[in-house]
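First chain A sits with chain B, and in the next complex the same chain sits with chain C.
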Partner chain A sequence: MKCRICGKPAVIKLRAHNIALCPEHFVEFVQKQTAKAIKHYKMFEKEDHIAVAVSGGKDSLALLDILTELGYKVSAFYIDLGIKHMDYSKTSKEKAQAFCEKKGVKCLVYSLPEMFGMGIDEAARKSRRTPCSLCGMTKRYLMNVAARDLEADVIATGHNLDDQAAALFANLMRWDVSYLAKGYPVLPAEHGFPKKVKPLVFLTEREIAAYAIVRGIDYVRYECPHSEGARFLVYKEHLNAIENMSPGTKRRFYQGYTENIWRFQIESPDQCEKKDEEESPMKPCKICGMPTAAEDGICSFCRFWRPDEVKKIKGQE
Partner chain B sequence: MKCRICGKPAVIKLRAHNIALCPEHFVEFVQKQTAKAIKHYKMFEKEDHIAVAVSGGKDSLALLDILTELGYKVSAFYIDLGIKHMDYSKTSKEKAQAFCEKKGVKCLVYSLPEMFGMGIDEAARKSRRTPCSLCGMTKRYLMNVAARDLEADVIATGHNLDDQAAALFANLMRWDVSYLAKGYPVLPAEHGFPKKVKPLVFLTEREIAAYAIVRGIDYVRYECPHSEGARFLVYKEHLNAIENMSPGTKRRFYQGYTENIWRFQIESPDQCEKKDEEESPMKPCKICGMPTAAEDGICSFCRFWRPDEVKKIKGQE
Partner chain C sequence: MITVKINGEERQMPAKGTIRTLAVDLGLNPETVLFVVNGMLQTEDYRLQDGDEVEVVSVVSGG
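Then we have the complex of A and B:
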C-alpha cells in the first residue's frame, strides 16, 4: 500500500476517498478536511479568536492541534467535572493541560470540585438527577463562561462525523423534529451566548484516532464512565457496517442532512417561515450575570450549583 | 406464553405491541392493523372496488385474504413475467390462481410470454437493460391496464412495513428528496391513472409470514431470483437489529416519516408551495390508448414491447 501522493509506504487506507496515505500526507489530509468544513459551513475567519473545549480525549486535542497548525488564534479551556472513577477527571485534565502547554496554548480550567466542593457524581446523587443531564447543563454554562473569560469569538468542540451521524440517525428514527432542526454544525451567537462550531464534522472517529497517533498526541483512551449509553453506540455500529458496505455513506448522510435541515425548521406546510426560536426575553442572571430566560431571573446553573445564594436572593425579594 | 385476550396458548409474541396472542386473536390483530392503516391513510371506502396485485408471495396473498375477510369488494390480477429460473413465474401463478379460486375472487392474468412471446429475462438480455428496471416499468403499466380492465377504483399492493422502512432508510442515507417526497402509502389517482395504496404498511414481514401460516395460505417461499439486491436486504437487517433492541422503532420510523413527508415536498425554503408534479400534458398513447407524457405520443411500455407497431406508426407520420 503506497501513498497516493508521494508513493512512500502508506499508513492508512481511506476507502470513502479511495486513497491510501503516508503519515505526512495523512496529516495534511486531516487538516485540509477540517479547513474544508470550516469554510463550507462558514464557521469562523482567520482573524477570529477560537476557544477550544478540551476534554483530554482524542477529538478535542486533535482539534486543538489542527487549528493551531492551520494558523488560527486559539485558546483552550478544560472543565473539571470531578469524576473520580478510575481517576477519569484527574487524568483527563493532566493530558489536556500537558498538550496545551506543548502547543503553547493558554488553557483555563473550570473545576467543579474547586468551585463547589463536589464533582458531578456527588451532585447528581444528592439531587437525584442523572449525571448526564446535569453534566450537559453544567458544561453548556461553563463553556459560555469560558468564552466570556477568554474574550473568544467562537467556541469549537471536537464532535466528529460519527457523533453527528449517530445523533442524526437516532433523531430520524424518532422523527424528533425539534432536534432535527438544530443539528447544524454551526450554532449562531444569540441571546448573549457565543457562536458554537464543530470543525471535525467531515472526519470519522477512525481518522481522528489515526491522526492523534501519527501526531503523537497523548490523550485519555477511555470514555467517560457515564458515556452516551448503549443505544448511541449501537447506532454508530450500524452506521459503520453500512459505511463498510458503501464507503462514503456516513459523510453523504450527514452532509445531505445539513443541506436539508431547513426542512425541519419549517413550522407547518402552510406557514413557510422558519420556526421562531421562542423569543423569550433574556436578562442577566441575578446571581452570575450570564443571560437567562428563567422567569425568576436565576439561571439553571446558579439554581443548581449556588443554592445558598438563591436562598439569599429569594429572602431579599 | 398465553394469549393476552383469551388466555389460550399463544403462538406469537409481538414485542412492539407488548402482547402475545393465540392464532384466533392474532388473525384478528393482523386484520385490525390493516383496517387501521386503511382508515389512517384514507386508502379506500367500503363501497370501493379494489384490485389486488397478487404475485403468489406471502404479502400479496395475505392482503387478498385480509381484504376479503374485512368485507371489501376485491378482484385480483397476476402479472406473469415469464421468469423460468426454478419455475419461478409458473409456480407463482399457480399459487396465486389457486388462492384466488379458494377465496372466490376473480383473477385476471397478464402474461408477457403470451402477449409478446418472451419473458422479462429474455427481453432484458436482448435490450441490454437490467431486468429490474424493465420489470418496474412493465409492472407499473400492466397494473394500470388491470385496474382499467377490472374497472377498479384503486390498486392495492402487498408492500409491508419492512419494505417501506428499508426504502425510507436507503433514501434518507442519500437524502434522495425526489424519492422521499413520494413514499406515502397512498398515491392519488392522477393523469388518468388509478389510485394506488399499500394497506400492509403497519405490519412487519414476520407478522405477515405468521399470518399466512396460521391462515393456511399456500405461497411461493422463494424470492424473485433478481430480487432487490444485497443493499436493500442489509438495510432490512439493520432495521431488524434496531427493532430487536427497541421494539416499535420500525413502525414509529415509518409513521413519523408519513407525518413529515410534506417537508420533502417543499421546493425551497423561500417558496413554501408543494412541488408541482411536472404538469406534463398527458395524452392517450397512439398505440395502446393508456395515458402518456411522451412527446411522440408513444408510451414507454409500447416503445419497448411493441416495436413493430412503433415502426408502423413512425412510418405513417
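Then we have the complex of A and C:
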C-alpha cells in the first residue's frame, strides 16, 4: 500500500478517510486533525497556557506531543492514584515524567499516597466506595488544583473520538438527558473552575495509538486494573463492530451530536423549577479554598480525604 | 508454510499470508488493533515473511 500523498510505503490505512499514509504524512494528518478540532470548537488560542493531564497512556502523551509540536505553551500534571496492582501507578508515573522531560515540559505530580498516606484502592476499601467513583471525584478536584498551581488558562485531556462516542452511546441507551446536555468537547470556565477541553475528539483510538508508535512515544500498554470488563468497553466494542462495517460511523455519530447538542440543553419547566431549588451559590471550601456548592461549605474532596480537618471545623462551629 | 512470532508465540501460517488474513485467523476487529512487524507499523496488505516478529497492539482503553 502506498502513501496517498507521496507514494512512499504506507504504515496505516484510514478507512474512514479512504487514505493510506506514510509515517511523515500520517503525523502531519494527526496534528492537522487536532488543530482543526481546536479551531472548530474554539478550545484555546496560541497565547493561552494549557495544562495537559498526563496519565502515562497513549492518548495523553500523544496530546502533549501534538500540542508542543503545534507550538502551544504547555505544562503538564500527573495524578498518582497509588494503584499497586502490576505497579500500575509507578510505571505510569515513570512514563509520564520521562516523556515530559524529553519534551522539556514542566510536570507537577499530585500523589495520593504522599498526600494522604494511602492510594485509591485502600481508600475505596475503607469507605466501601467503588474505586472508579472515588477516582472520578478525586481526579476532577486535583485537575482544578493543578490548573490553579500552574496558573493555566485551560485544562486539556486526552479523551478521543472513541471515548466521546462511547459515552454518548451509553447516555443515549439510558436517555440520560442531563449528561446528553454536557457531552460537548469544551466545558467553559465557570464558578471559579477552569475551562476544560478535549482536543483529540476528531481522532480515533487506533489513530492515536498509531501516532504514538510512529513518534516513538513510550506509553503504558496495559490498562488500569479497574477498567477490565467495564461497561464502557462493551459500548466501544459495539461501536467498533459498526465502524468495521461502515467506516466513519463513529465520527458522524459524535460530530452530528455536537451539532445537535442544543436539543438536549432546552430544559422543561419541571427541570427549570428543580434546578432553581437545587442550585446554591458557589463559595470557597472552608478547608482548601476551592469552590464548592456544598451547604456546609466543605467540598466533597476535603470531606473524604481530610476527615480530621472536617471534624476540627465542625467542632469549632 | 512459514513460521512467525505473534506477541512472542510461534505460529504456522500459509506462505503468502498477510496481516489481513492473520487478523481474520485471530478473530480480531481491525478497528481495534495495530500490527507492528519487526518494530515497524504495517498496513493490512503486508505479506508476512518466515521469521517475522509481529506485535498485535490493542488500541482500546477503558477510559
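Methods note: the second predicted complex is superposed on the first by the 303 of 317 C-alpha atoms of A that agree within 3 Å, B and C clash if a C-alpha of one lies under 4 Å from a C-alpha of the other, contacts with A are read in each partner's own complex, and residues count from 1 in each chain.
Definition applied: a residue touches a chain if its C-beta (ideal position, glycine included) is under 8 Å from a C-beta of that chain, and two chains touch if they have at least 3 such contacts.
Note that the structure is a prediction, hence the values are computed from the model and not measured.
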Which superposed partner A:Pro307 touches (first chain B, second chain C, both, neither): neither
Counting only touches as set out at the top, which of chain B and chain C does A:Leu172 meet: first, second, both, neither? first
Please indicate which partner A:Gly289 is in contact with in the superposed arrangement: first for chain B, second for chain C, both, or neither. neither
Looking at the overlay, what does A:Ala241 touch: chain B (first), chain C (second), both, or neither? both
With both complexes overlaid on chain A, does A:Arg252 touch chain B (first), chain C (second), both or neither? first
When the two structures are overlaid on chain A, which partner does A:Ala210 contact: first (chain B), second (chain C), both, or neither? second
Of chain B and chain C, the partner touching more residues of chain A is C
With the two structures laid over each other on chain A, which partner does A:Phe264 touch: chain B (first), chain C (second), both, or neither? first
Set intersection of chain A contacts, chain C complex versus chain B complex: 241
Mind listing the chain B positions that touch chain A in their complex? 172-175, 177, 230-231, 234-235, 238, 241-242, 245-246, 249, 252-253, 256-257, 259-260, 262-264, 266, 269-272, 274
How about chain A: which of its residues touch chain C in the complex? 1, 10-13, 20, 23, 57-59, 159, 162-163, 166-167, 204-206, 208-210, 213-214, 221, 223-224, 226-228, 230, 232-233, 236-237, 240-241, 243-244
Report the residues of chain C in contact with chain A in the complex, numbered from low to high. 29-34, 36, 40-45, 57, 59-63
